[in-house]
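Chain nomenclature is as follows: A, B, C and D, assigned in order of appearance, with residue numbering initiated at 1 for each chain independently.
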């Protein structure tokens, strides 16, 4: 009981997740249903995958605003390339080069961002804000404004498939979340992520190569964004150049809700997972409850702020606290 | 089957412009008048992924029929297929989905954007012929938000038709106005700086058309320019009345919404419905505008 | 000693920053097994020199030899791998990580797949912390440690490598006496292993306890080296600042005015309880105690930063509730806070802007800040406190630690308060300026201000105070007048031994 | 044993050894953003002869005014150490409101009522971030969404238009002239100069810099930090209100999403102007340069006739180059010292 309490105080977002879960379970007959939980997991997996990478980058004290555009680029590449003449007689294997190209594009874009941040010393916010526009430009240049459709239904079947009774996409997300959690909490790279974000000077003095380190995390978030783009495109069997608009904002929101500090140095995957779920459950619950579109916006915005407020109340030091 | 039917709709992006909002209201009003119809009205906010999630949520609730205003004609196909597999008929409204999805839908109901584009080209061309400048006229195009089906189809219809009717008119440049009047006004201002001779502007909707008109008026060059838009908005209609704006395409969101709802009901009642259920979107110009009511949006 | 090869030798090092020549051809050497103290006024270039040695700065010119081999140290890592370790003046820790991770930062032990070998890590870090007599474990998060404990973590880093030379840049600035003893043991251990030590401090007593030789820097230039055994404080001070200083106890009694501050039974939750004391106009009251005794919290309460849970504060005989620092300032209270970086300074602002910040609203002509009066105020305190900065426009963040502290003091002196509270006022300040600040405090009192001095340095408390309040674990143990106090009774009082028990 | 060494400087050299001479150079070198601005203006002028025509320059200034006015406000917020991402949807709200009320109440009432409503929203932001100390990024993201919803609820999702566009004096703000110059330009530059004076020469400005630079130290210096942050958001809201008047008057109507995406554009101009996101540093007049850079890039690329996506890609490159030049000039070397 005591450990549960301290755990909740450290991850207040999970308290909120439980709260809305209970609320929607009682408020809507369709909510508490295994199929619906699977839907929620699949629906959150897109933002969720990006958020995994974003958590790393943000613990580093950086940020990546270009993930939304990367989602679109990777999805477009994956779907377009699998339809190329060259792979016409590869059968289902034709999907592979597309997916690899999509993932590579994310990793490369991440590397570009990371390299610029490292070498020029320009703030990651502005580097990736530029990239957010520029990469979207690349998407439109590449697709010539067209949407792509996956001729091979095996591709979209993958998006709808299950393993062991769970949707494949949800399993994929859970596995990557576990992997990232282990990376962050148990490996040297993960621990250095905290050091670089918590005290860059200390990290430099300790001989951590901060530049390459940040580069790797940018490549990781690029990879995750691309992967999210690809899993999303398997759900649609298609890619559109406007895919992923505003995802950067929702991802960052989820990550911060999960307790990662914008200034870097702290955050966990468990928290991020909670943040992602909170947004996913809210959206799903409000759809099921038929909240009118205009009010969804107001409610979502208000709840974000309310969660932040509650979090603050929970972590407050009490009356004796220094009032600064 | 009990006697009330539940129809779910997921719209593209309500609130982005009055057309969609009016559509939504008309849809709800029409449904409210029918005792045996319940509706679930959702909005995808322009995001395909969210729309797919909404389709899944509607399937989850086992609605009787789903109406989809696709954010993207191709991306919704697998979700539509899921609905079909769940035994729920799907009606597509306003802009069609890709042909690959035709097998999974019951019907499409809405305007034909490609035809609209061609009609705008015809309006423009006829006007130039009246003015006798069809051999030398230069026009610019301000298109809708890049990557959205409606924007693409209207531009395509216009660009394909124009050389057929007026082969010597040149379309010198196209830039997106993002369905935004202010953005369109900015784009037009740059066009006016760049080109000394502009005879016509084709805008993807009247909202943007009026933005372009604003810019031209500010530069004192509105007199020489023929403005043609699409989706006749009230502002466009009024500008037409003042003789500043030449023509547009008349498209009623109320018709659009009612047609979609009726189609869905017909499908559920087992009635025969045409697969492509286009409703008419006539040309409107300064010359024939009295035949039309002022749009309510 | 000169027959040995130096562990570390610097030859004619020059280092300039924009607008400042921080090092002007400095030569310096450390023998193996020697503790070489480095002294100099604030801003003399000590830290800069050490950062050059540790590979953090590249010198503009000059050479560096490790065991007489010329070496270039492009990075801190390179320095570390060559066996040169620097313990920073300012804490340099990652707050959200464990003590163990901070100690072994950059070289965490690993298992397969780059996984951290926690067992080895905690075992090794635990051993080092034990050696340092630390009462916390290696797995505790650094953010939960007090400043002193953080400092011990910082020191622990030096013991992870097989060092040839270890540099301590003001390691004792926030240590208690007990921890200091442990540190000196460690230094002696290292010396015995043949490690060369560079020890920077402004505390003469420490320097004479621990060092073998003393080198002095002044204005970025090398001034000379003295054998510790053959010199005395006065000679060192002469070399450092060109004059001698007075280290006497406070005996300057003068007429006291009315009671400015009367604190009755003040408590603040668990932080301190039932604290009562008076401060009269013209009086300096020293608060002495160990770290964690609650002195800072009392000051913060008086300054409106904490809400007391019980008790009463009377200012000039009137019961007041101080609701915020702004309120406190209006009532004529000033607080020189404990931590200059976090609480005292806006590092990105200029020296002038920092000094005038609390009274900026009053320095106006019409709606605008009057540049003239601002610079005038800055000039007064620059001269008075001998602040060394290229100009009033210089960013405070680029000043040396001691000069930063002077800016904070200047800022609050400029408020001409009724009640001045100074918390560790001379932390990191050179002896010359320290005595200047002590004189200033005395002088302020003489001109009618009430002053509270919180300090962990006994000589300082004894030197400036008319009365001394000894605190232990949130309670006032005893009050002394400057006549009756002895070092022994004071030490007993702050260790929790009540006067009567001791007697 | 005392070993004296040479010391070039005399005993009493109180003001430190200063490296003289290249003061002018170093002052110039610090203005990396100005150099960047000049460079690419030159570039565009070479490729398009109309780029630097008086007409076009005026057009760009006029077009930039809306973003510019908002950027002035956001600069103040960012200097205070916070972010304001709600300005885009607040612009939509305010424009819809002022246009809608124009016909209902007349412009003389519509403007103050709208300003009041906008200031209220700013006050909500300010209370949440200033007094309740909530994270400004999330608060203003939440507000972005909530205000968007409010706008739609207010207008019922319908476009709003001013019926009598010819006869209203409301036209003066967006379409008219003041002092012979297009009024949006006058308003924008006037506001920028005014805010620059406030930030650089008044106690309030100094407090904002202090709070942004080190909130704890500012509190310890007796600055009422919560109130200061609160006021920065009110200023930001006021600027949005002014931008809304210009926008409403220029377009004589509004959609519910006119301001969508403006928050990031505005933030980009603020950062281009060299204001640090960490707070405590920045300059309103340099934000004007940031605004002009973005405005001229967009216009220049349009004049060159590139497809929109090429414009985006080039904007990406130019933004990074401009900021790089700026930070490189400040630190005196091209590559960052990060290892």
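Operating definition for what follows: a contact is a pair of C-beta atoms (placed from the backbone, for glycine too) under 8 Å apart; a residue touches a chain by one contact, two chains touch by 3 or more.
Chain by chain, the UniProt names read as follows: A, D = Monosaccharide ABC transporter membrane protein, CUT2 family; C = Monosaccharide ABC transporter ATP-binding protein, CUT2 family.
Everything numeric in this text was worked out from a predicted model, so none of it was measured.
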item	value
From chain C, the most remote chain by mean C-alpha position	B
Whole-Å gap separating chain C and chain D, where each centre is the average of the chain's CA atoms	41
Distance between the centres, which are taken as Cα means, of chain D and chain B, whole angstrom	35
Centroid distance [mean C-alpha coordinates] between chain C and chain A, Å	44
Between chain B and chain C, centroid-to-centroid distance (C-alpha), Å	71
Residue list for chain A, restricted to those that touch at least two other chains	140, 204, 293-294, 296, 323-324
Chain B, residues touching no fewer than two other chains	14-15, 146
Shared-contact residues (touching 2 or more other chains) in chain D	152, 157, 216, 219-220, 308-309, 339
Touching pairs - complete list by chain label	A-B, A-C, A-D, B-D, C-D
Chain A-facing residues of chain B, complex	11, 14-15, 40-43, 45-50, 52-54, 56-57, 60-61, 71-79, 81-82, 98, 100, 145-148, 152
Parts of chain C lying in touch with chain D, wherever the complex brings them together	16, 18-21, 24-25, 27, 43, 75, 218-227, 230, 239, 242, 303, 305, 324-326, 328-329, 335, 337, 342-349, 353, 357-358, 360-361, 363-364, 367-369, 386, 388-391, 411
Of chain A, residues touching chain C in the complex	186-189, 191-192, 194-195, 198-199, 201-208, 265-266, 318-324
Touching residues (chain side chain A, partner chain D) in the complex	65, 116, 118-123, 125-127, 129-141, 204, 209-211, 214, 249, 252-253, 256-257, 262, 293-305, 308-309, 312, 323-324
Interface residues, chain D side, partner chain C - complex	1-9, 11, 13-19, 26, 197, 201-203, 206-207, 209-210, 213-214, 216-224, 280-281, 332, 339
